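Pasting a structure below so you can have a look.
Chain IDs A, B, C and D follow the sequence of writing; residue 1 opens each chain.
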Amino acid sequence: MALDKNGIAQRIAQELQDGWYVNLGIGIPTLVANYIPDGIEVEFQSENGILGMGPFPFEGDEDADLINAGKQTITATKGAVYFDSATSFAMIRGQHVQLTVLGAMEVSQNGDIANWKIPGKMVKGMGGAMDLVASAENIIVAMMHTNKAGISKLLKTCTLPLTGVGCVKKVVTNLAVLEIKGNQFHLLERAPGVTVEEIVAATEGTIIVPDNVPEMNLEI
Amino acid sequence: MNKVVANPEEALKGVESNMTLMLGGFGLCGIPENSITQLVKLGVTGLTCISNNAGVDDFGLGLLLQGKQIKKMISSYVGENDEFERQMLSGELDVELIPQGSLAERCRAGGAGIPAFYTPAGYGTEVAEGKEVREFNGKPHILEKALHADFAIVKAWKGDTEGNLIFKATARNFNPMMAMAGKITVAEVEELVPAGALDPNEIHTPGIFVQRIFKGLKFEKRIEQRTVRQK
Amino acid sequence: MNKVVANPEEALKGVESNMTLMLGGFGLCGIPENSITQLVKLGVTGLTCISNNAGVDDFGLGLLLQGKQIKKMISSYVGENDEFERQMLSGELDVELIPQGSLAERCRAGGAGIPAFYTPAGYGTEVAEGKEVREFNGKPHILEKALHADFAIVKAWKGDTEGNLIFKATARNFNPMMAMAGKITVAEVEELVPAGALDPNEIHTPGIFVQRIFKGLKFEKRIEQRTVRQK
Amino acid sequence: MALDKNGIAQRIAQELQDGWYVNLGIGIPTLVANYIPDGIEVEFQSENGILGMGPFPFEGDEDADLINAGKQTITATKGAVYFDSATSFAMIRGQHVQLTVLGAMEVSQNGDIANWKIPGKMVKGMGGAMDLVASAENIIVAMMHTNKAGISKLLKTCTLPLTGVGCVKKVVTNLAVLEIKGNQFHLLERAPGVTVEEIVAATEGTIIVPDNVPEMNLEI
C-alpha cells in the first residue's frame, strides 16, 4: 500500500543522524519532526531566523514574533538562538546545515528539481528554496510519485522552470525510496505492499532496479 | 547623537513618489506597521518596495497595494493576497523575485559597501538569466549585485535615542540588513529608552545605521498562520 | 546537541602539522589563550595561521613563533614582536598582509558560502596585484576570495553546551567570523552554562558554527597598551 | 610658528560637524578627540569593534576586553555599542562613517596616500588603513609637512608603496591646510606666523596659492 504523507515523513526521519542540523520545508517535510527516532538528537533550523525550533505553542501561548518560515506560530527549544536573515542563509549557503528536506513538483534523473513555478499560474516565488537546493550537500525530496492525474513526477528532464540543477541525491515518495546518481534513478526500497512494477510504471525517468528491492521498514 | 523624531509623519518626511523603499519583516512578523500606515496617508505612488513578502489583503504592504501605491515589488515570496495577484496578472504591478538568501545578502552588501558577490543560489534557473556565471571550487556561481534604498524602514523591539536597536525573536529577520542599506533609515520601536539603557553587548543594529527613530503608537502584530497544539 | 569537551587536549584533537588555522582576537584582546598553550604542547609545525595580529614575543601567537611552529601568517598588522621580525627578515616565516576589512569579510564569506566578493579596499596598491579589477558605480573594485580553515579557534565570554557564544566588549572582533569559517570550530569560554541559560536574543554566534566548546582553565588577558588618565 | 601635533589636531577638530561618526587613526589623529568644539556632538568609531569610544579609563578601571584599534585601554560612552570586525568594516566600507582622519608618510597631488610600508624596513601591515582610505568619502590627512631631513611629504607622485589612490581631499600639516583637487594642492590656510613662501618651499607637488591666504584661527 502506498504511503500517505505521514508515512513519507516517517521514512525520511529514518535518515536523520544524531547531531544534525536540519531544515524542513513546508508541507510533508514539516511532518518529519514528528518522527525523530529514539536516541537521535537533531536541531531544526528555520530560514526566517531560528535554530532550535520547537513544537507549536499551546493555545494562548502564541507569540506573533515567533514564527517559522511557513509563517506558523512555533516555540523555541532550550538552547535555541535567533538571528537575522543574512546569518540564516550564511548557515545554509555555508553548508552548516546537514540535511535539507523539501517538496518538489518534479525531479529529474540528473538531480534537477522544480518546485516553485508553474507557467500560466500565479507565481508565488521561490522563497529560500533556491538557496537551499544550490547549497545543501544533502537534500532529500519528499513528494508523491505521480500527480493526481497519475503522471510521473520523476522525469528524464524537468518540464517546469527549475529551482536548482543537479542537486537532488535522494527522493522519498509514496511508493519508493530512490537514489539519483549517474543520470539515473536507482530504486532502493519499496513502500509496504507496492511492487517493483508499479514503481517502474510510475517513473518516467530511467530507473535502475536491483535484483532485490527490500520493503521499507517503518516499524523501527 | 539624538535620532528621535516625534511620530511617523516626521520619520517619513522626504519620502516621495517613485522612490525605492526597503521594508523589514517576514510575512507579517516584524513589519513596520506604523510607518506603513503613514505611507498610506502620504499617498505617494510609483514606489519600488523591497521586502521579503508583500503582506496580506488588509494588512502590511497589502495596504499600499490597495491604494495602488506600489509600482514594483522586489521579494522572495508573494501572493498571499488577492489584490496582489490581480494587479500582477493585469500588468499593473511589476514583480521581481529573488531567492531569499540572495535578497538578504544583497541588502547587507548594499549597506556594507560590497557592490557584488558570487552565490550558487539560482544557478541554472531563470534567476541567473543575464547574470555572469563563474566557477569557484568546481561549482558554478552567479554574480549578484548590492541593493540600496532611498528609505529603509524597519521595526525593532527596543531602541535607544542614538538609534541602537534590539529585535525580538524571529521578528529580527530582514530588519538588520535593510537598516544598513537605506540612504535614510527609519526605525519604529515598541520601547524607546535613553542612551545607555541598552547593554552595548546586546545591540543588534548599531545606531550608525539609523537616522530616525520613533516609538510606534500601536502594534497590532497580526498572526498569519495561528498554529497551536492542545494541552 | 552537546558540544562540550573536557579540556584543550580534547578540543584540539585532530590538529596536525601543516594545517591552516584561524585564531580570533585583535592584538591580545579576545585571543584563545588556552588553545594556544595547547598548540605549543602539541608541537605541530608548518602551520598557516590566519589571525589579525601575531601576538607579542612571550604571549599569544608569539608563543608559536618562538617554537617555529608557524610557516605562514595571514594578518593585517604584525610585527609587534622581535622574533616575528627576525623570522620574517630571515625568510623563515612567510607573511601575507591583507587589509583588515577584507580579512574580516573574507572569513565571513568563507563561513557563509560566498566564494568571492568585490571591495574597493586595496585597489591601486600591491594588495591588488594579480587580482581582478572591475568597476561598479564608476569606482574600481578588486575581487577578493573567501578564506577557510581546518580549525577555527575562538575565545568567547560565555558559551552554552550547544556551542552558542556571547562575546564581551571589543573582545568580539574577529571571533564570530572565524567561528563560521572553520571546518572544525573550537571555542574556549570563560563561563560555560547549560543550554537554555543564555537568552536566545543575545547570542552572537549560533552554536551551529561551533563543533567543540570548553571552559578555559585560566585567562591571563594581558593588556598590550595600558593607557589611563588620572583621577 | 609651525604647529605641533596638538595644533594639527586642534585645527582638524574644527572640521567636525554635529552628528558625525568619526574614525581617528593612530598618532596625531587620536589627539583630535581632545579638541571637539563646543556644541558639536560626534561619536568615535574604532575599527576593532566599538562605536562610542570614550576617554582612557581611570587608573585601576582598565578592562583588557575594552580597547581601541591602537590596542589602548579605553572606555565606552553612554549609548556605545560593540560589534564584530565584519560589521565594523561594513560601517566603513558602506560609508556610514562621515569622517576619517589618518596619518601619512606621503600624499601626492592627485590624492594618493602612502602610509603603510617603507621598502627595506620591517613591514608591519596596513591594518584597516586600506579599507578606510578606499571607502571614506571624507578623509583628512594629518601629517608633518616635511620629514626630519626637511624633505617634502606633499609630492607630485608618491615614492612609497600606496595605501590608496586618489582618495585624499584635505591635508592638515604643521604648516598649512591644503585641499587636493584637479591634480594640485590648493593652499587654504597658513599656520600662525608661517609664510606662504615657507609652505611653497616645503611642498614638492604643484601648489596653487590664492591671492589671500588667511592664517588659521585656533582660538575658536
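Just so it is clear, a contact is a pair of C-beta atoms (placed from the backbone, for glycine too) under 8 Å apart; a residue touches a chain by one contact, two chains touch by 3 or more.
Bear in mind that the values here come from a model prediction, so they are computed numbers and not experimental data.
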item: If a chain touches subunit A and subunit B alike, it appears here; value: C
item: Pair with more cross-chain C-beta pairs in contact, given B-D and C-D; value: C-D
item: Whole-Å gap separating subunit A and subunit C, where each centre is the average of the chain's CA atoms; value: 36
item: Chain centre separation in whole Å, for subunit D relative to subunit C (CA means); value: 29
item: Chain centre separation (subunit A, subunit D; CA means) in Å; value: 56
item: Residue list for subunit D, restricted to those that touch at least two other chains; value: 50, 76, 82-83, 86, 89, 92-93, 135
item: Where subunit C touches two or more other chains at once, by residue number; value: 105, 108, 112-114, 119-120, 167-169, 200-201
item: In the complex, subunit B residues that touch subunit D; value: 1, 108, 110-114, 160-162, 164, 180, 195-196, 200-201, 203, 206-209
item: Parts of subunit A lying in touch with subunit C, wherever the complex brings them together; value: 19, 21, 41, 43, 45, 50-52, 76, 78-83, 86-87, 89-97, 135
item: Touching residues (chain side subunit A, partner subunit B) in the complex; value: 46-50, 55-74, 76, 82-86, 88-89, 92-93, 112, 122-131, 134-135, 161-166
item: Touch list for subunit B against partner subunit A, complex; value: 26-30, 52, 75-80, 85, 88-89, 95, 97, 99-105, 107-108, 119-127, 157, 167-177, 204, 221-231
item: Of subunit C, residues touching subunit B in the complex; value: 105, 109, 112-120, 134, 136-137, 139, 141, 145, 166-169, 200-202
